[in-house]
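Comments concern the structure below.
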Amino acid sequence: SKFEYVRSFETDDTCLRNCYIVVRLDGRNFHKFSEQHGFTKPNDNRALGLMTRSAQSVMEELEDIIIAYGQSDEFSFVFKRTSNWFKRRASKLMTHVASQFSSSYVFYWKEYFEEQPLLYPPSFDGRVVLYPTNRNLRDYLSWRQADCHINNLYNTVFWTLVQKGGLTTAQAEDRLKGTLAADKNEILFSEFDINYNNESALHRKGTTLLWKKHEETVIRRMKQPNAEEKEVPVTRSKRRVENLYCDIIGEQFWEEHPDILEEDNC
Amino acid sequence: SKFEYVRSFETDDTCLRNCYIVVRLDGRNFHKFSEQHGFTKPNDNRALGLMTRSAQSVMEELEDIIIAYGQSDEFSFVFKRTSNWFKRRASKLMTHVASQFSSSYVFYWKEYFEEQPLLYPPSFDGRVVLYPTNRNLRDYLSWRQADCHINNLYNTVFWTLVQKGGLTTAQAEDRLKGTLAADKNEILFSEFDINYNNESALHRKGTTLLWKKHEETVIRRMKQPNAEEKEVPVTRSKRRVENLYCDIIGEQFWEEHPDILEEDNC
Amino acid sequence: SKFEYVRSFETDDTCLRNCYIVVRLDGRNFHKFSEQHGFTKPNDNRALGLMTRSAQSVMEELEDIIIAYGQSDEFSFVFKRTSNWFKRRASKLMTHVASQFSSSYVFYWKEYFEEQPLLYPPSFDGRVVLYPTNRNLRDYLSWRQADCHINNLYNTVFWTLVQKGGLTTAQAEDRLKGTLAADKNEILFSEFDINYNNESALHRKGTTLLWKKHEETVIRRMKQPNAEEKEVPVTRSKRRVENLYCDIIGEQFWEEHPDILEEDNC
Amino acid sequence: SKFEYVRSFETDDTCLRNCYIVVRLDGRNFHKFSEQHGFTKPNDNRALGLMTRSAQSVMEELEDIIIAYGQSDEFSFVFKRTSNWFKRRASKLMTHVASQFSSSYVFYWKEYFEEQPLLYPPSFDGRVVLYPTNRNLRDYLSWRQADCHINNLYNTVFWTLVQKGGLTTAQAEDRLKGTLAADKNEILFSEFDINYNNESALHRKGTTLLWKKHEETVIRRMKQPNAEEKEVPVTRSKRRVENLYCDIIGEQFWEEHPDILEEDNC
């Protein structure tokens, strides 16, 4: 039709080739959402579980995601360097991640919150960021995990002071003003007999999602010409998403999972 | 932390000022989705109702959307020219539209499909397109409504030939090859006594969402100092989303709704 | 060759359609360049003439430039809204403007500076800015002309105080601190008997370049079959670049030149 | 002023960090330019020398260029990965390269073409391309050098057939249709006794520009308090641009110049 010229106003937003494509999502106004849905403080395992379930759905339904990392109301998804999914169009990638995650969040809500109803449909923003080297990508993931650590240590002490120490939230805030990580560890240990390192790894480290390969054997009934039908075991290499709650900043994780990243010199 | 430098890899994607910002969503693989959920052919009113309900949620939860138009598995949202929501960052706009729409689609599913379960969480892609003038924007919306018309006329004849005419889908396809709009109208009229113009406006024209202003009066109990408490009627100007199934290509619609578009000469 | 894949790293930078494309150039480090080449202060007519000559070369060699405006070490070029030159690729437009201007600046140097040698090849930066409406474009040009006015008024008083008033540059700076336009006019008038409005329009208003149509008649010798050769006058519509030094902020200029801008409502 | 809002229409075009930034220039319509200035065929050493001189001017006047490569009417400039010149703004980089190159081309014309006048100021287009890894960057440079080789071999045989073999250009074109590199070498060798590998390296390999460090010793007169003035030799590390005409596709060049590229793993 004579209106079709309007298509030419669309712009190309192809991601630079040979870079890791990261899509990060973050819940809109989750301060309020978590209050209204009575999330336990500082960490609600149902909420974290639902985030992870939704992220798994993203990994399974979209192509070429090699690792994902989440904490609090955010999740980051890393597409492989050489991905050509949707011709690397940034809009397609970020909107499909945001959309699949959001519909999954509502879809799986009941599995995590059971009787407690979802009061309204939540929204997540998304963005695309490109990283040219393995070092940059690892530093990105380290940045998010360091953020998780800083927030969780703070929140843990804060809510311990409130919930176990009987402080008001204002007093707890005051108490923590200017303290360093070591101070916070010390408060937990000396006043509440809590060793922060023994706290839940899920809370301290956040959630890392990877692809894990495994063999799957199924029995197939097969019939060859001029032969009787018989049952044959068929083994196939499959993969499923694996959840980890470990350090991804140091070398160890990357040495143990050498297949996630391709070499830089390509 | 020393990892924070990775933020500087984020790029600015501010939309050019003084242009209409259109975000169009489209369902991923809805050919399959509609089959698996038994959508009636060619139009499923439950599905269309759910799309519209989700779009209404987008209009209500996001800022500055002045009009939205939907048909089939797609919906377009127009932000006003001068919007400064999220500083006009394209990623924020398109991911929030895609996310809010998707979570709403699952959230409101039961209101439209009742007992029939949603089998899996669907995904919608999104994109941003900018239009500098009223003419361009109107041509954009006309493009989508013309598309609706073309597809619906085709689908209407096609499924009438199959459902009422007893043709196979292959035969119906063959029959329609090379026919013009007039031919299709003629088939409907002479063979099935159907006047296409009397078909459902929802199907022929798609759905247009607008803001409609109305007065709302509530009774408030008020107490002035040194006076008795009394009931006072308080009237406020409110707005709600209105659904229309009308032509938006011609002049009439725009003359009847002069407030949607701002003047070009600004 | 196997290396050709590197082409796919080039990105598309098409300018949004139906917007005016402005390319603005600005001399690199012209503070130093003007000192080293002994530009007269505050305005050097040779320098301004050379800028304009170079801009004229840009208008003549490139396509679709409808108006250009220059002052000091800068020049802005406006491509028509519907231009499709180099498919509206921003890089092509801005580099060709910068390149043609720069080579012309050196090429025509001698016509303006005569014996005085050019000491080294200068550089000009360039940028592309898009404007969706006539109002925005006019405001852009007004912005540059207002800038010209502000700087020229300041520079005129400053150098008058120094050159005629015998102040040091530090004293002149001090004297002007905090003064408004009216104060500056007053200093010129009461102390130096200078009416600023009678100063050179070139300096006060900058230079506007337009296309001016004119008829050109040439004598052609022609020969028709079975006829004698004869001389025939052939008249053709031609255009040449015209220089103006007038106000382009008010309505008058645009009313007198209604052909520069297309209507917004397209 | 009230017009200043127009600045907000400028868009950010920062280059992705940690990528090599390549700016490639190419002469506009040099087919015609070379004809009109009587360039010798297939290679004009004056023209190539002037290109290289202009490129040297670009390397000296701009920041952070680590290597440049040129052939025919084009030149590519590589900015170091970590360059922050002009905050990596793509427009600034490409327009300054195009502008400095173009003004230099006119400025140095006489040094190469002596009495022969430059007829009009030429223009060069420019573009920015980003490469994330050393491999990608090397492949880019290899692509340009392979292009040089292919064109030069073709042109060499072509013009030999015409100039020495007495063929018309049409006949030469015909003769070469479908021939491979080996065939072309063979024609040169068996018919004209020319060993292509002995042809000028400048023509076969193009021009590579690098920074070469060297010590520079100057005599300074210095005076310490309470001591007599004396002459002191002062040695400083300086760098100058070096021209090479060698293979840059293979490993050898990069092994001999390990300082050009930074490591990928950063």
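As written, the chain order gives the labels A, B, C and D, with residue 1 at the start of each chain.
In the analysis below, a residue touches a chain if its C-beta (ideal position, glycine included) is under 8 Å from a C-beta of that chain, and two chains touch if they have at least 3 such contacts.
Since this is a predicted model, take the numbers as computed values, not measurements.
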item	value
For subunit A and subunit D, chains touching each	B, C
Remotest chain, subunit C as reference, centres from CA atoms	A
Between subunit C and subunit D, centroid-to-centroid distance (C-alpha), Å	31
Distance from subunit C to subunit B - Cα centre to Cα centre, in angstrom	46
Rounded Å distance between subunit A and subunit C, as computed from the means of their C-alpha atoms	54
Touching two or more other chains - residues of subunit B	9, 11, 16-18, 130-131, 136
In the complex with subunit C, residue positions of subunit A that touch it	8-9, 11-12, 14, 16-18
Subunit C partner contacts - residues on subunit B that touch it in the complex	16-19, 130-136, 264-266
Residue ranges of subunit D touching subunit C (in the complex, touch as defined)	1, 3-7, 9-11, 25, 28, 57, 61, 91-92, 94-96, 98-108, 118, 120-131, 136, 139-140, 142-143, 146-147, 150
